[in-house]
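The two complexes that follow have chain A in common; it is paired with chain B in the first and with chain C in the second.
Now for the complex of A and B:
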């Protein structure tokens, strides 16, 4: 028995704090001074267009890469500065639901979900089997324990990834595009699971998504990352109601899904010619 | 795990003291009651399992878990309860849970287990049901 288990974060307290986060690839700042806080029990949605740095931000938040500068306090510890061993200890407190599931192809669905429990707990194998069944039921995949990931559709693999992220009943779950590629019914099922976990059990969710229906259905607060001239900046942050009435033209174009607006789709004529003719 | 017995009127209670969980065992009429306090998580559920396995071995006829002071139960805890439920069913033992907090109740609901277990609002109602109204 491990009696050194960390005390869970009390409801409403800050569980994640990002300060002045900068990530530069080459000379290009992908994240440029991002700051925000997430409190226990919230569903915090990070949205933004393709290439705005959402996935880069998420990789920073889970400690998969180190930022150029800035800090990320997760459960009170700055994960940009701690040792790999300490980071592993913190990782036991959160689950990560990867965009495409990131399942081990050589293992069955059941073995994939059981893995975190086998690696990080003393739970008996017969109980682990039951937990696997419960997690599969949660994501609508009862009876798929013995399938291999290659025998499943992309959407099903995604849901297995979610079941695995929930295997250890983490305090915090990070999800990268949890509903992209899912049909509308399964999107609603995954959203409801997020809502039940956060509002009834007290789990905290940080979700990266550009599925607007899903974002506004689950979020307690949202943050929009900018692109183009506002690359790497926080364009807006607030509750769903605050975001809807925020007049920022980038935000409103994104929320309405309009082609015309300040969010650049193409370079300006001058910039395009410079790029094409090599004059830049 | 520290285990101590003490007399309480005509009843003998057993107290299991664990780092983050406490279980008090009370024999009342025909029902054995385990009053659980704390959080039932990955670290605590193996201990709860050991106690419940003993009760199954003894073929406890009527077992009631009082969860009024249980702040949280995770999937390993729920699996532990399912295992006992299966064992008790094999010898026709009766098993109930009472006084769930809303958060714990939500965990049962989320895993669709509220229909599997006999869940009651309080000890008295649960005891009455377990003993067929004789409690």
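Now for the complex of A and C:
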């Protein structure tokens, strides 16, 4: 689709930079001044409780929605300001692994993986077939080319989603809850695939997850988004070791998975009163 | 030209008017560049939404032919004008009933299927996946269906007209003792070429209304399975409504102006 292939980002260079990102739905701020950087080769995990804005942040990062304010520099270009054509050019440099796979139900597994190659490369169909087999081998699904997505288990669908995201050999892969709903063995398998793609192929990964075991298994750096009184703020950011010793009570409650703590599971007294009286 | 057309194709918004602009934009763009209009995709849709509708369209057209011949024979027979039945069947089918009824059948069968299919893709994030893969959903999903239906609905209409005429012949030959050669001569000689063209113009307009409404409803589904159901129903209801309104306007235009 686009002629000149862009120069890959050198290792260690900033590949993604988010500055003061704000997303407001109605009057409710979902993301409140988020800033972070992701460098080439990292596995950056964004974690946080349900409703903290993880998916909203991810949708902003892939250009699926525009933020209320702030900037997102992806491969050096601010995707909040560029034209849709330029955004499409950048999209060819990253892959996206959706939470439920988002596989095309009318196509076979092989056709799903082949689609980006057919659309964006001029390679021979026999070569595309070979690439499909290689990507399926990468995710441990050799021989499943002719299966329909409905014939696969949840874990298999997620692995096909990852294979499709890697089809164009992107520099960066976004993954939305890659292990949610999977049993521990399948979770470990998907985690291993993420590690393989980052360590062996050199892909940078940005993973959104709330699965603590998985987060600490794959991450080189983590970021926690807050909820409740700290809705949409960065609660903490650092390496797995730094996060474990960070004394922030929000972070520690989340890491320990405790019901009691600063992360509220219901509205505050004031907010509840406002809600009851119809002001909220 | 190329730059402005590309900008037009990527204008943000979900309105029905914008969908029409984008469809025409992509077709124009596709005519100047390879790989946009993919014959295999168009052919697959022609089979799915056109060829597979043939049995149902045939049955309806045959029934309409029967009905027209039987109803007209009752009244025309009283006037001793049975010989005009082939003329009436032929003209009614070509000008009006052929394009209208075939379009309504295709709305119910293929229009609803397109709305449901695209709507389900939206709910399953498949449309979002296309966008993230830098594949414009209008170009990939809507254009093949649009071109397929713009070709297939007029074809189905011509086919339906022929089957309807056969239905009329069965009544005339079976119950009125009319000879086949007499029936064919009157059915073919009485209509003018414009009668056929006016019906085909209508079927092209109906195809545009049908497929754009179905795709628009599908692309704008919100709210899961319930939303898909709502979009499918809305697609059928609005398509039939606008097809009948367009039919009245076109008939008026042909009657008063042309």
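Here, the second predicted complex is superposed on the first by the 265 of 280 C-alpha atoms of A that agree within 3 Å, B and C clash if a C-alpha of one lies under 4 Å from a C-alpha of the other, contacts with A are read in each partner's own complex, and residues count from 1 in each chain.
Just so we're on the same page, a residue touches a chain if its C-beta (ideal position, glycine included) is under 8 Å from a C-beta of that chain, and two chains touch if they have at least 3 such contacts.
Note that the structure is a prediction, hence the values are computed from the model and not measured.
Room for both chain B and chain C is found when the two structures are superposed via chain A, with no clash between them.
Contact with chain B, but none with chain C, is seen for A:134 once the two complexes are overlaid on the shared chain. In the superposition on chain A, A:169 contacts chain B only, with no contact to chain C.
Legend: residue contacts after superposition of the two complexes on their common chain; A:83 is shown touching chain C, with no touch to chain B. When the shared chain is aligned, chain C comes close enough to touch A:116, but chain B does not. In the superposed model, A:105 makes contact with chain C only, not with chain B.
Contacts of A:91 after superposition: chain C is touched, whereas chain B is not reached.
The superposition of the two structures on chain A yields an angle of 90 degrees at the Cα centre of chain A, opening toward chain B and chain C, reported in steps of 10. Contact with chain B, but none with chain C, is seen for A:196 once the two complexes are overlaid on the shared chain. Once chain A of one complex is fitted onto chain A of the other, the partner contacts of A:50 are absent, as it touches neither chain B nor chain C.
After superposing the two complexes on chain A, the closest approach between C-alpha atoms of chain B and chain C comes to 16 Å.
Once both structures are placed on chain A, chain A residues 1, 120 are touched by chain B and, in the other complex, by chain C. Of all residues in chain C, those touching chain A in their complex are 6-7, 10, 12, 117, 120-121, 124-126, 128-129, 131-136, 140.
Of all residues in chain A, those touching chain C in their complex are 1, 62-64, 83-85, 88-89, 91-92, 96, 98, 100, 102-106, 115-116, 119-120.
Per the touch definition, chain A reaches chain B in the complex via residues 1-3, 5, 8, 117, 120-124, 126-128, 130-131, 134-135, 137-138, 167-169, 196-197, 200-202.
Interface of chain B with chain A (complex): residues 19-20, 41-47, 49, 72, 74-76, 78-80, 82-83, 102-103, 106-107, 109-112.
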